[in-house]
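In the part that follows, the structures are each spelled out as structure tokens.
One chain, subunit A, appears in both complexes that follow, with subunit B as partner in the first and subunit C in the second.
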Partner chain A sequence: MNADIFLIGAGQTRFGEWWDKSLRTLMDEAISAAITDAGVTALDIDFVVVANMLGEATCDQAHLGSMAASLLPHRPPALRTEAACASGAVALHAATALLESGRAETVLVVGVEKMTDVPNDLVAAALMGAADAERDAPSGLTFPGVFGLVATRYMHEYGLTREKLNIVSSRHHVNAVSNPNAQFRMAISPEAVGASPLVADPLRLLDCSPVSDGAAALILSTKKESDTRLAASAISTDAVSLTERQTITSFAASRTAAMQAFAEASIGPRDLSHVELHDCFSIAALVSVEDLGLADPGMGIHLYESEDHLTVNASGGLKACGHPVAATGVKQLIDIRKQLRQSKKQWGLAHNFGGAAATAGIHILENLHA
Partner chain B sequence: MNADIFLIGAGQTRFGEWWDKSLRTLMDEAISAAITDAGVTALDIDFVVVANMLGEATCDQAHLGSMAASLLPHRPPALRTEAACASGAVALHAATALLESGRAETVLVVGVEKMTDVPNDLVAAALMGAADAERDAPSGLTFPGVFGLVATRYMHEYGLTREKLNIVSSRHHVNAVSNPNAQFRMAISPEAVGASPLVADPLRLLDCSPVSDGAAALILSTKKESDTRLAASAISTDAVSLTERQTITSFAASRTAAMQAFAEASIGPRDLSHVELHDCFSIAALVSVEDLGLADPGMGIHLYESEDHLTVNASGGLKACGHPVAATGVKQLIDIRKQLRQSKKQWGLAHNFGGAAATAGIHILENLHA
Partner chain C sequence: MHDFPPSAARRATEHRKMMQEGTILSFTVVHHPPEGFPTEPRTIALLELSDGTRVTGLLVTNGITPVIGQHVQPRMRLSRITSEKLRIYEPAYEITEQKPVEQKVFPGYILALTGPSGVGKSTVTARLTRSVGRFAAPVPIVTTRKAKDTDEKGEYIHVSAEEFMDLKKSGALVAATDIPSKTEQRWYGYRASDIAAIWAKGKIPVVITEMGLLQELSRHYGRRSILSCGLLPPGRSKRTMLSALLHRLRSRGRDTEESIEDRMKNAERDLAFFRDQKELFDHLLVNEDLDTVVNSLKGHVMELVKA
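Then we have the complex of A and B:
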């Protein structure tokens, strides 16, 4: 880090189906909560970074940076970032650079998405914008299909069984019961996961994160201090098309971003107490814990089988919290802060990726009151 | 500026109708030209910022940051910015912050758009994403209509005649004759502008910039020096909806960004020798020269009537160069550098806005060999 950056405030809507709320009202709700939480005024915000992927497709609305800035009385400068489901992470990275550059002292980051007001086939097609429109989409793949391929290959390489995979979504659902902002606050047994309808073999309905509406906002500052320091911000990319990957059971962008983030924070995987990772599908959680260095290749399921010193997706993850795509990367940091405050531990990490991790972003938070 | 940033390389495709080129191939062409021009290798690029507005709507393709990074052998980190037609300017601003932060020493900025392969009504609807989908679009307005309102009000307030307005597009077309990258390299008389078909009264076909395909790339660096220094980067926002404006004959975001940019460069409007401004419609050129402080309110046409020490849109502007929306803000800097090198003058400015200037971005270049 090239400056001391503090997370001074955060707020979010509950993720879910918000047919009566627009992109504007969702942003407003999250932003207002973040400003209140930070104990600053709106006028203290120097710059706004909006994360959004699907505004054009689902709401005919681009230009969300300016729209978010208009929710503040002084209309600060603003921009919108997009990197598919990693839009939140790249927004945080842009905000970090703005703060480190000295151009801004206090930056508002808001991730927002509306997905439930339009037909499912439209959302599925729009989400395929995260893949390669020339090299992947013509095959007829949608993202459940992409991760169905990942799961099939992973099971082939490592012998993971369907019964073991059931544990992942079940654990996320159990975790979400105590999260008031989660879309699905009900426990689901491993057996129920395995008995849910097939979507893209071997993935079943309860392996898949849902479509969701929601917004999450946080305020980063070099001017005002807090109990939570941003210790690392790292972005990495990979080929967008699956056809250009050497493997699909590990994502190079996640590995590279993790390596850089750990170096930036001067810690290692063993120092972490809380991780929120990108379980867009159950199999992605296993790949990700391995890419983050929390488990050896093929051994990710062990983290879910044994209680450990480390919590993974204690919020409920994308599966149970919901996944309004660009809001997810912002919301993960909100949950990590909450978890660090509750446990009084020092280190937590948020891992967010887009597509099949053609973009990965990792942010590490340090609890200064640990 | 919080660092010495140099424009070390630039390249673009000709703007026009490129039915045989994809977003990827357009980016590749511009990026390759910029790298060659810079005299660096692709491996010197630390970060890629892509500007794009319409990828999802016209090509089913999001996630262009990662796609652009994949055009380089080492796949650096990347993100995409969007602020409607100001996407280029906000990409440049994000790149500036990344360089000033110390996170990157050499950043590639590439603006790209494909607009001509899809039906015109789809493009017109997608461009309305730059306006307010809840407050403007339901009236049936498209952007020619928005700027038709601006022109009507401007003519009412200042007595501008249709005959005078004809001069603007005519001048831009004459300028473009000598620009090999312009979409329309033919001179058009003022009379021809006034005789072209009505689009949105009082605006006629030749008052309107075209739909275009194209890409423009430039490389900014703190590590390698060049003859051209980035002297200011300023972004400002305004209400997205016209219904929330106090006036539509002047754009507050342009005025604010100009004020900040001039302060950052420690110069004033009179120091400029070359300006590229955002003439999405002819009337926008007149509003903009006034917002930039180059003419008094209502007097913008005088800059077009008299030869002066200052060139305005010597490239041909959006009208004659074409307007692949997110590429425009990047391409303007390429033209300013070219003009400064030719004239051996010191200062040039690029002015880029989105929507009805709900976002405005201004960049000032200094020729160090003036």
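Then we have the complex of A and C:
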């Protein structure tokens, strides 16, 4: 990092089905909460970065940078980032660059998504935009289908059983019970996961994160200090289509971003106390713990089978918190800060990816009062 | 999916490349197909085609349960009819055999260098295998071309045309090609035993290839086994690249003017190959400075060693 960047404030809406809230009202709610939490005034914000993937497809709304800025009295400059489900991490990365360059001293990052207004077919087609329209979509593949391919191959290579895979979503649901901002605050047994309807073999309904509405905002600053420092911000990319990958049971972009982020923060996977990772599908959680270096290839499930000094998706993850796609990457940092404050531990990491990790983003937070 | 005539026409040009047999790498049953597709569940596979490219396509299962490693045949099928009554055809892949095919075991990595004559493949290989000799070794080339004083020791195994054909027939060669020439009949090939011997020593075999050899090696060992690097002459256009090659061929003094003419003709074909068959290359390196190229390849070798 070329500057000392502090996370000074955060706020979010509860994720869920918000038919009475628009993109604008969701953003407004999260932004107001973040400003109050930061103890600054709106006028202190000198840049706004908005993360959003589906504004055009689900709300006929582009131009979200200005829309977010217009919620502030002084209309600061603004931009929007889009990198499918990694839009949030990319927005944070862009904000980091603005702060490091000195162009801005306090930046508001807001991730927002509205997915439940429109029929399922439409939102499924829009999400498929995260895959390759020329190489993946013509076969009739859907996004759950992409991860169905990953899961079939993973089970083939590592002998993971359906019974073991059930544990992942079940664990996320148990974690979400204590999270007031989660969409689904109910425990679900592994058996119930295994008995839910098939969506894309071998993945079932309860392996998949839901469609959700929601917004999450946080304020990063080089001017005002706080108890939480942003210790690393790394983005890496890969071929959009699975057909252009050497392997589909590990994601190169996650591995590269993790390596860079650990180097930037000068720590290793063993130093972490809390991790929020991108479990858009249960199988993605297993691939991700391996890519982050928390488990050996094929051994990710061990982390879910045993209690450990490390918490993974203590918030409930995408599965139980809900996954308003571009808000997720921002919301993960809010949860990491909360967990670090509670446990008084030093290091936490958020891992967010888009598509089948064609973009991966990693952010590491340091609790300075550890 | 938006199927407008221009995008459908563009897509159709891809179909020719997709009409190849292949092997199942993974599959899934999509229970809720996207809007516009027939509503029944679709079995979709990730396939490796015989030229090493990968595609996703509909599997025609014929009631056979798909298995990873199974062999499939391409069939052009009506995929869907759009609201404008445009009929969209897509290659689908049919499982023809009942029994699961034995999994091809991953044999190990091979580093392949491809480039037009005169670009410096032999020099680069010699320098590379000398500096990382503990990890990589050159595979001797079986050839019918006459020995020359300038050949590196152990670079070639010289055989007669009859001996070469015998080796080819017996299946001892994993790849063989003849390079058109007016001056002599030139066959080149690699023996499976030489490659296996290098693997047995725990090293990575380094092969010098051209398009025929590269395609055959990739078919035999699987595209995944081959780290394929293309070596290009410096120059921004085809013309400057060719003139750089001509200059090198003349200055190294190994070839007669007549054979140089042959080589230049082949070089033109080779440069087109880089453009048309991009998917066969993992890295393209420009041989502007020998040290840079060798260092970059060293890095790739060390990555494979770690893998």
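A few notes on this one:
Quick note on the criterion: the second predicted complex is superposed on the first by the 370 of 370 C-alpha atoms of A that agree within 3 Å, B and C clash if a C-alpha of one lies under 4 Å from a C-alpha of the other, contacts with A are read in each partner's own complex, and residues count from 1 in each chain.
Methods note: a residue touches a chain if its C-beta (ideal position, glycine included) is under 8 Å from a C-beta of that chain, and two chains touch if they have at least 3 such contacts.
Since the model is a prediction, treat every value here as computed from it, not as a measurement.
Subunit A has more of its residues touched by B than by the other of subunit B and subunit C. Look at A:A125: by the touch rule set out above, it reaches both subunit B and subunit C. After overlaying the two complexes on the shared chain, residue contacts for A:T243 are found with subunit C alone; subunit B is out of touch. Looking at the shared chain after the overlay, A:E56 reaches subunit B, while subunit C stays out of its contact range. When the two structures are aligned on the shared chain, A:R153 is found in touch with subunit C, with no touch to subunit B. Contact with neither subunit B nor subunit C is seen for A:I35 once the two complexes are overlaid on the shared chain. By the touch criterion defined above, A:P77 lies against subunit B but remains apart from subunit C after alignment on the C-alpha atoms of chain A. In the superposition on chain A, A:E134 makes contact with both subunit B and subunit C.
Once the two complexes are laid over each other on the shared chain, residue contacts for A:A200 go to subunit C alone; subunit B is not touched. Residues 125, 128, 133-134, 137, 244 of subunit A touch subunit B in one complex and subunit C in the other.
The part of subunit A that touches subunit C in the complex is made up of residues 120-122, 124-125, 128, 133-142, 144-145, 148-153, 156, 197-203, 242-244, 246, 248. Subunit B contributes residues 2-3, 22, 24, 53, 55-57, 59-63, 65-67, 69-70, 75-84, 90, 93-94, 96-103, 125-126, 128-134, 137, 234-240, 244, 354-355, 358-359 to its touches with subunit A in the complex. Residues 1, 11, 14, 25-35, 37, 42, 44-46, 53-58, 68, 79, 90, 224 of subunit C are the ones touching subunit A in the complex.
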